[in-house]
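Got a structure for you, questions after.
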Amino acid sequence: MERNKLLRDLRSSAIIAAWFSVLLFPLLVMKVSVTGGQALVRFRWERLPAIAVAAFVLSFAWRRALEWNEARGDKPSGSGPIAALTVKARSALALRPIRLTATLVLLAVAAAYPFALGMYHTNIMITALIYVILALGLNLVVGLGGLLNLGYAAFFAVGAYTYGLLWKYAGPAFVSAGLDPGWLFWIALPTAGVLAAIFGALLSLPVLRLRGDYLAIITLAFGEIVRMVLQNSGEVTGGATGISLIPRPWFFGLRLPPRQAATYIYYIAVALVALTVFVVRRIEDSRVGRALEAMREDEIACEAMGVDLVRNKLITFSLGAFWAGIAGVLLAAQTTYINPDSFTLWESITVLMAVVIGGTGSIPGAIGGALLLKLLPEYFRPLAQYRMLIYGIAMILVIIFKPDGLLPRNRKKYTFDGSPSAVGAPVAAGDQEARR
Amino acid sequence: MDFFLKLFLSGTAKGSIYALIALGYTMVYGIVQLINFAHGEVYMIGGFTALIVGGLLFSSGMAVPLVLALSIASAVVFSAAFGFTIEKLAYKPLRNKPRLSALISAIGISMILQNFVLLAQTEKYLSFPSYLPELEFLRPVREYLNSTQFIILVTTATIMVALTLTIKFTRMGKAMRATAQDKHMAQLVGVDINGVISLTFIIGSALAAVGGVLICSYMGQINYYIGFVAGIKAFVAAVLGGIGSIPGAVLGSFILGWTESLGTGYLSSDYEDAYAFVILILILILKPDGILGKNQKQKV
Amino acid sequence: MALMELRDVCTYYGNIQALRGISLSVEEGEIVTLIGANGAGKTTTLMSICGIAQIRSGQVLLDGEDISRKSPHSIVAMGLSQVPEGRRIFPQLTVLENLDMGAFLRRDKATVRVDLEEVFDLFPRLAERRNQQGGTLSGGEQQMLAISRALMARPRILLLDEPSLGLAPLIVQNIFDILKRINEERRTTVFLVEQNANMALKIADKGYVLQNGSIKMADSAERLLANEEVRKAYLGL
Amino acid sequence: MSVANPILEIDGLSMVFGGLRAIDDVSLHIREGEICALIGPNGAGKTTIFNCITGVYKPTEGRVTIRRGGGQREAIQGLKPNVINRKGLARTFQNIRLFGNMTVLENVMIGRHNALAAGVIRAIARDAATRDEEARLIDDCRRILVKMKLDPFINETARNLPYGAQRRLEIARALATDPFLLLLDEPVAGMNPHETKELEETIDLIRDEEKVTILLIEHDMSLVMNVSERIYVLDYGRLIAEGTPEEIKGNPEVIRAYLGE
Amino acid sequence: MRRSMVVVAILAVSVALILSGCQKSASGTIKIGVAGAHSGDLASYGLPSVNAAKLVVEAVNAAGGIDGKTVELFIQDDQCKPELATNAAAKLVSDEVVAVIGHICSGATKSALGIYKDSKIITVSPSATTPSLTQSGEYPNFFRTIAPDDAQARLATKFIKETLGLSSLAVLHDKGDYGKGFAELVKQYAESEGIRVVLFEGINPGAPDYSAVVNKIGNSGAAGVVWGGYHPEASKLVQQMKDKGMSLPFISDDGVKDQTFIEVAGTYAEGVYATGPMDTSSNPLAVKAVADHKAKFGDEPGAFFLNAYAATLAVVNAIDKAGSADYDAVVKALRSEYVETPLGRISFDGIGDVIGFGFSVFQVQGGVYVELK
């Protein structure tokens, strides 16, 4: 039986190897160049056996992996060594001293990071942390509210441009008044959040009736329109040229060299991430958060329970946008230069991928997803031109083998002694009838 | 008036370009409710295959019409094979998983294909030789509509009619409609839904390949990145017309083409995309399921 | 030889076991009913038979041939037709097109037309609404359409999943009468999964009681109707 | 037939969908504290009436008025569902519509949405009043869950509940909104006789202890005849009969259109 | 109590910041960074410079390196995105490079310069043409082997006025930093020269069809078309203009002065004017560089190849002449020493712009760009 299966697998791998050899032949073995309007084709025969062998091996591995994935099923929590470990970790974290120690250790690691790893790593960590804030914000919209938003980069842009424009227009006044323009950062931070939230509310109004893919496309349109406006209103925003020499945040009037500036911005970013996590967690576990989630689950039932959907959607978009605005200011401060190219559809997609790959609706997921998505390509740098290819492959692997995300949400459990607790009995096996 | 006519016709031509890609998009969406982000890439691969095969044949001294036919045919075959393979590898394992997962997988495929072609071929723009015939009868009016535009327009119309008829009247079309509405039930009446879904991807990708060859001929150039922009536009067009609806995709594409063209002509091309998006937003606000989309109102 | 037989079938969802070794048999021409509470595994049993739920161990035999590894469409092609839970009409197809879909695998156009007339005879209501979209029918009409659609495949065995669910008493009565008629007139074998044990056992020859994924009782329908335990648990008496 | 001060009164209600009259000039009323049933063949328009009452549909013609706790009579037709819910009408759905990925407790918590006041700012600040509110919320939900015998399941994901428990959870969630009138759409569909019996008792309990008036749609005649005091029968969008269970059982028109035999 | 906590905190952070600034000492090789778009849609502008740097460094190392030290390349991709450019820059800083060849796009260059400037790293871009990079005086560490946009815009306008004698223009651009910058400058200079600009618009790069805007050009009555942007759109524009029977002179910038443009546009390219770096292709060094590229990479080099080649040569030469990799010495050498490059004998002026190499006007004649003297 096992032997037969092996033979069968080997045979189908051979077929697949042949299939890929043919499929990839024109693009991988032949190479075209055009001179004088004439397409010339060169053959690279040496690649053919490589394709065949690779396809054979990979298809064999792929089939085994899929089978394993299928058999693994959607295990309920509380079985398997890893799950047991996480349960243990969770129950340990429920204890106050342990939680406190863990937080302190985490803080210490975060604080030591720039010294241990130097400027480059600090810098990419800042970028990653900016995306963590973005992902946490988008997670409120997509994960909690269930509203697919492909125009999230627009709010990011609102934030960055709030700081940029403040600098451009209020900066000279600051300088002539003898004030450090770095102060503008601290003014821009709350302003950008609020402005982005207002933009979010404005966007939510026309899209109240839309859901799913239609909502996705309309938010996409909104995002692109914002970018186009930034690009075309050159007199105000600098257009495609952007705004440069944006000051780094004020630090006791010192003009920090880049290394120290990076460390400083890094600490600000860490603090903002902590703030975001704190706020998002509180929202999630509140009357507002539950209403958002109910809206995601079933709009009709939600409304029938007395929840005002209009208000709910307004809150969702504004809350999500707020964090994008904050992240935008941070971006402007880090790069000291902004132009509309940083706020393309691709940016929105990246953030969405971070949320989904991390685990839709899960705070650790959003953090993990964003870190992974932003750090991975940076560590692929040595692979130069291959990195985007590998990145794409990695993403597909994650999503196929972990479709609910790497760190799916762990729902809060309650006991009826009045106080909520983080641990509960393992979930009993539920109804087994197929419900789709 | 003459100016308007010119703009209208160039909008029509542009619309039919969008439509060629949007048709495959909407078809795949209609059956599996997946925003196939990689569709634009399949179109790009179709173009490249035609360029390579065409170059090979042409240098071997074959007659131009035959080169044209064979390179289109090979583009169709290889793109279809790509579509089929992509579905099996990246979408099928996610069929019963959250819809967002499949969307992410599609984006991943799009990245892989772009970078694959970038690495396997070239990052440069390549000239795309036009093997399309110059139609004599259009010579006097070529200020308004040239041969390639005309051929694209006719092809789009033909494909739309053929697809609509296929779906309406053939056995396979029935199987597709049933699969689109209820996969589970379609299986229970004996439809091989894996076959239907594969076929959908094959047809959609083949259409993309036809689009790839024609549009690249029209633009006169090709590059590994052309699929992304075209894919987004086609997606917008398909949604505008009501995603899942075949005439809707064509209508949506034309509306997009006209809007962009007239907007450019009478206002400014600075905001060309913005006109399209504003129209999209307006239409979706008035009609949340697109112009010809089916009303998806839930039953309570 | 039984027309359809399940031998020790086990089915899992992920790693939750839904069926724990089910064995049952249906003879040609019989009406057999499977009754049980919600969550007992009734729907899973049907899904396992027609190949939509993958069974992990055991066999499903149709005419003695093991079909447990076959794909759903080839199982349908072997003469097994199902009326699923919740009717699952194709909402945007008309009544006629829905019926046409039922005959999807049949190539004999002429006899299909004859069968269509027969079905319209059985359910005159459907004839009146032949060009109406399936989604606009009332619940009762949808159930009639679902049964007719399954019949259009000319099945040797007809599987029904809770046909009485959410229907008015008069319509339930009507539907069970017709099932009986189909069985008698066309000699179609019927395998009926029901919650409404009273109605089901009244028309059935044989019954099985399913509980927590395994068969608790198997007997002739009359005897089950008279059984104290069954009366208490499933008939509400 | 007109009664002094019904708590819900429907007057000349009609609903037209694309030329089709789904409900045709229906008038009915519910008195305080009664259990009333609405029966009729599939497609007769029962659920449409529910949808018109609860704001899912805007009726084409007619008035729906309520009167709560001896106060003023007010018209509610055409208001939004959440507004109507706030006025004290709660419902369940024919095909269960729970918040499937949320836990049982969270489902009930949503029901109490309007009993709480914390907005975004207070949720973030989590001041003493908000913490109090949350504690009270859990108490309230516990009371309801115990009553509906759902307390063993509190942390269970709603989607994974046994079928009967899902039906009960829908009722619990509706009760959590503090309604004076509860509309149940086929509460026992898909339940076995044993479960039906249990729910029958629960419905009585809700009426007696919670002082909630109940209007229900049901095909299961054992339930309808056992619990309801008055029954309305609908056929093709029109009322064809009204009366006590005894009267309805004997009504020849109802037998012809609906009951059979 | 409170206040003392704050003081302690401030002290702690300050110490931390100072600590993080401590630099490690340099090692035995000379490190040069190459940064630009190596993936994404602008890769075709970035990858040639990588090849150029590789060729130069290979030759230098084969000849024994600089003062016996070998040269090592560090290649970083920024996809032309500002935020990735800062990361790439940070990476190069931590790799302790002496100089960077790059970046490619002006936007990315600006954001990276913020880091290079403070870290005292010389930056020589082969392609960033935004005037402000040198003219603002903000970046003393910045040099480029290409002339700024205002120079070519001025040249283009002069050519339009004096040689072509056009009285009205349609000016189009791709809305990008570079293209729009050029277009705006042409508009400004043209208007001051008394040429009417009857149409000034941005078009979407990458779109399949520009027939609407071509119709609009026809309708505007312009006597010539100026395009600010790159060659893919330019070739579509000239093709669609000719298809509609329009034969207006088409004048563009060095984004179009690229053999690929002629390859792609084919016969439609005939007669197109473009300003671009002077033709140095007959320069023996250029001939050799191109031949080396063909030998090593198998095809024709792409855009800005020679500029990057020259930039690398200039850096290597300056380090050699300075006798060390010390920032001030190398900067001084760059400004004072002339070096033979494929672009000719070049040096840099006080603000970092190239001397000895400028723009000319070219026209496509018989499938090649011919310099109009």
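A, B, C, D and E are the chain letters, set down in written order, and residue numbers restart from 1 in every chain.
The working rule: a residue touches a chain if its C-beta (ideal position, glycine included) is under 8 Å from a C-beta of that chain, and two chains touch if they have at least 3 such contacts.
Being a predicted model, the structure only gives us computed values, none of them experimental.
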Indicate the lowest number of steps between chain D and chain E, counting one step per move to a touching chain. 2
Farthest chain from chain B, going by the mean of C-alpha atoms per chain? D
Which chain lies at the heart of the structure, taking centres as C-alpha averages? A
By C-beta contact count, A-E versus B-C, the higher one is A-E
Sort the other chains by how far their Cα centres are from that of chain A and give me the top one. C
List the centre-to-centre spacing of chain A and chain C in whole Å, with centres computed as mean CA coordinates. 47
Chain B and chain E, separation of their C-alpha mean positions in angstrom: 36
Calculate how many whole Å lie between the centre of chain C and the centre of chain E, each centre taken as the average of the chain's C-alpha atoms. 73
Between the Cα centroids of chain C and chain D the separation in whole angstrom comes to 32
Scan chain D for residues touching two or more other chains and write them down. 56, 93-94, 162-163
Note the residues in chain C that touch 2 or more other chains, in rising order. 38-39
Residues touching two or more other chains, restricted to chain A: which are they? 33-34, 37, 232, 300, 385, 388, 430-431, 433
Contacts from chain C onto chain D in the complex sit at residues 37-39, 137-141, 162, 165-174, 195, 197, 232-237
Given the complex with chain A, which residues does chain E contribute to the contact? 10, 13-14, 16-21, 23, 38-40, 43, 47, 75-77, 80-83, 85-87, 90-91, 93-95, 106-107, 110-111, 114-115, 118-119, 130, 132, 138, 175-177, 180-181, 184, 202, 263-264, 266-267, 299-300, 367
In the complex, the residues of chain E that touch chain B are 39-41, 43-44, 47, 175, 201-204, 206-209, 211-216, 218-219, 231-232, 235-236, 239, 243-245, 260, 263-266, 268, 299, 302
Touching chain D in the complex, chain A uses residues 279, 282-283, 286-291, 293-294, 297-298, 300-309, 315, 319, 411, 413-414, 416, 418, 420, 424-425, 427-428, 430-431, 433, 435
Mind listing the chain C positions that touch chain B in their complex? 50-52, 71-73, 76-77, 81-82, 84, 88, 90-93, 97, 100-102, 104-105, 135, 149, 153
